[in-house]
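Just passing along the structure, written as C-alpha cells.
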C-alpha cells in the first residue's frame, strides 16, 4: 500500500509548495492542539502575505502569534482576539485585515468547505455587524444569514496518533477545530505525537480518515498552557 | 447592597434544573458551577468541544490537552464526551443546550445584547457568543447594572455593536433580576437592601415595576 | 446524576407520546443498524399516517417494511427503494407519497436539522427531477440546489453500547445514518445491545453524545442480513 | 466480440492509479476490485460509511454489522475507517474520492447520465448515485452499449430522468471505451473484434472517430 503512505521526512517537505499569498487553515483552540512545528516552519520559510484561518491567533510570541510578529500575515479569519495584544493592535491600526467570524460559523464554514457545501444558512449573527453585506433569508418565520464555505491552499493540523495512511485521532480537547481544518485544505498536512502501525487504530474510532490527509509527520510538542488553573 | 460576584452566581444557580445541559461563559457565569443545588445535577458544555466539564485538575493532573473555552485547564467528569468544534456548535446552534449564561456590555428592551467589541477601543472578538445567543432558547445575561461611571447598561437601544438580536429575556445584574418582555424590562427581584428607586435610576430603558418586587435572600 | 439517566423500562415507555400523523426519523442502511424493536413497537401501537424518513424502507416483512405492509405510512422520505417490492408498488400506485432524496443530501438534511442549519446548498441533483421547485444558485461558477433541513417528532436509533447518560457508540457500519438521526428528533429514542457503566466509554470516542438522547433502552436484535456474500 | 463483464472490469482497472480512493457502484463496477494491477494499491470507499473495504468474509466471519453499499457482507482492511453517512458523503461531495465507477441506463453527448428510474415502470431510487456523480471529478460509467433490443444507450439527449447533468466524461461499454468532449462521444478504443462500424451503428449520439482507434487487448 505504498501509494497510501503519507509520511514525509522533514518539515520542509511537509510544507513544500506553500507560497506567498496563500490561504492556510490552522487547527487549534487558543494554544491547545496547535500545529506548533508546522507554524514554526512557516516562520522559517518566511512565506509572506498569508491569509490565516484559525479560531485564535496564538499568543504574543507563540503559535500563530509568531507569524503576526514576523509580519507574514495579511489577513486573519478568526473568532477571538482575546488576550493577544499584537493581534488587537494590528487589527485596530488597520495593518492587519481581520474577518471576525463567530466560532460556530467558522467551524461550520470549514466543515462545509471540506464537504462540498458552498454555503449554508445560520441564525448566528443576524442583526449584528457580521450580517453586513450578507443575504438574510427567512425559514419558518426566523431570519438566517447566508454564510459561505472556507477552503485553504494548505491545512495544518495537530493530531495525537496517526497511522501511515493518515488516519488520525486527537487527544482530549486538542481535537477542537483540527478535524474540520483537515477536510478543507487542498493540501492537508498533519503533525502528530505518535505514529502507530496500520491496523492499530479502531476503524470506527478514527476522527480524521486518511482520505483527507496528504502529508504526515511526527513531531515533538511544547504544549504551552494559557491559563493553568488548579484545585490544590 | 449590590450583589457580590458569588451572590450573582448563587442567584443564577436557582434557575438550574436537574438534568440541564448548561453553557457558562467566562467570568461570573463560570462561578455558577459552584452553586449547583444539592441533589441536582447539571452537565457543563464548553464550546471548545467538551460536554461534562469537571473541576480544575490537581497540579499533578494538569494536561495541556484538556481545557475549557476560557483556555483554563479543567477535568472531564465520568460520562463526559469530547468532540470537534463543528459538533460542539451543532449542539449549540441546534438548540440542544438547555441554558446559557453569559456576560454582556449592554442589553436593551428589545432583547438585544452587545458583548464583543467597543469600536476603536477594544476588540475581544465574539468567540462563541453569537452562536450561543442565537442557538439558545434560555439565556441569562449577568452583568453589573451600571458602569463604574454610573451609566446604565440596561438601555432603550444598545449603543455598541450587537452580539445578538432579540434573544435575551432574562438579566441578572448586581442590583436586580429582570425579565425582558414586550419592549420593557420588568423588575422581578431586587438585591438585598437595594431600593426600587436606585434600580429605577440606574435603568435607562423602559422599566416596569410590578406591585410586588421581592427582595433576594441568600 | 439522576437527571441524566435516560433509561426507560419498556418499549411502550420508549415511544410514549408517538401519535398519528407524526414524522419519525429512523437510522439504518438497508437492514443494517436498524432499530428493530422500536419499529416493532410502532407496529404494535398501530400509529397511523406516519411520515417516515429513512434511507431505505426495510424489506418486505421486516424493518420499516412492516409498517408499509400494515398501512401505517402516508409518506416516505428515502433515497432507495431497491428490492422492496411493496415499497415500489405503493410508490407506483400513488398510495404512498414518496420523496426520493439523494443519499448524501438526506444525511446532510438530518445533520443540518440537528445542527440548527435550516438550509444548505449542494450540487447534488442539479438538472435532475429532484431540482424541481427548488432554488438553484451559482457559487464560484457552479450551480447548486437549496436543500432544507429535516427534523422529526421522534428519532429512532440503533446503537451498540451506551451508558445511562445516553452516550452512544455504534458498531462497524451499523453506524450509517444513526448518529444523524439521533441529532434531529424532538424526542430521540435509542435502543442498544449493551448498557455500560457511566465512565466506561472513552469521552473522545463517543459517536453520539448524550445531549441528543432523550430515552434509552436495551434490546435484543435479530440482525437480518440482506446479501450474505462470502469467500469460502 | 463484446466484452464480458470481467473484461469490462479489467479495462476499467487500467485507469486506476496507486493510492487512489475509489467508489465502485453495484454490478460490473464492483468487479473492478478483482483486477487491481499488481504492485498497486487502491482503497475502496463504500458510501454507507466504510473507507477501506476488503473482501467478502468467510462464512464464520460474516457480520450483519459489516456491509457495503450493496448490502453485501464484507470485511474491512487494516487501516480502514468507518463513519456516519454524513461523513461519507462529505468525502464524496467534497471531491475527496479519486475515482467513481458506476452503471447507467443512458448517457448523452452533454455528459448527462440517467440511472435511477424508468417512469411508470421501475423506481430503484438514486441512492448515493446523484451525490457521487455531482461530487467526483473522475467518473467512469460502465454499461452495455445498447439495450437487448438493440437501442443505443449513448444518446444525443438522455430520455430518462437524469441522475446528473454534464458530469460524465468517460464511458466504458461492452463495445468501446469512449470519452465525452464538446458535445460528442469520442471513440478511444474498441473491444477486440468489434468493428468501428458496429459501434457507429449502435451509438445514437454524435460520435467522433479518430484516425487511430486501438483495439483493446486482454
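We just call them A, B, C and D in the order they show up, numbering each chain from 1.
Keep in mind that, in the parts below, contacts are C-beta pairs under 8 Å (C-beta built on N, C-alpha and C of every residue); 3 or more make two chains touch, one makes a residue touch a chain.
It should be emphasised that the depicted structure is a prediction, and the values quoted were computed from it without experimental measurement.
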| item | value |
| --- | --- |
| B-C or C-D - the one linked by more C-beta pairs in contact | C-D |
| Chain separated most widely from subunit D, comparing mean CA positions | B |
| Centroid spacing, where centroids are CA-atom means, of subunit C and subunit D in whole angstrom | 28 |
| Mean-CA-position distance for subunit C and subunit B (Å) | 35 |
| Centroid distance [mean C-alpha coordinates] between subunit C and subunit A, Å | 32 |
| Rounded Å distance between subunit B and subunit D, as computed from the means of their C-alpha atoms | 55 |
| Per-residue overlap in subunit D, given as positions that touch at least 2 other chains | 50, 76, 82-83, 89, 92-93, 135 |
| Where subunit A touches two or more other chains at once, by residue number | 108, 111, 115-117, 122-123, 171-172, 175, 203-204, 207 |
| Listing of all chain pairs that touch each other, if any do | A-B, A-C, A-D, B-C, C-D |
| Subunit C - residues contacting subunit A, complex | 108, 112, 115-123, 139-140, 142, 144, 148, 169-172, 175, 203-205, 207 |
| Complex interface listing, subunit B residues touching subunit C | 17-21, 40-43, 45, 50-52, 76, 78-83, 87, 89-97, 135 |
| Touching residues (chain side subunit C, partner subunit B) in the complex | 1-4, 111, 113-117, 163-165, 167, 183, 198-199, 203-204, 206, 209-212 |
| Subunit C - residues contacting subunit D, complex | 29-33, 55, 78-82, 88, 91-92, 100, 102-108, 110-111, 122-130, 160, 171-180, 207, 223-232 |
| Of subunit B, residues touching subunit A in the complex | 46-50, 55-59, 62-74, 76, 82-86, 88-89, 92-93, 112, 120, 122-131, 134-135, 161-166 |
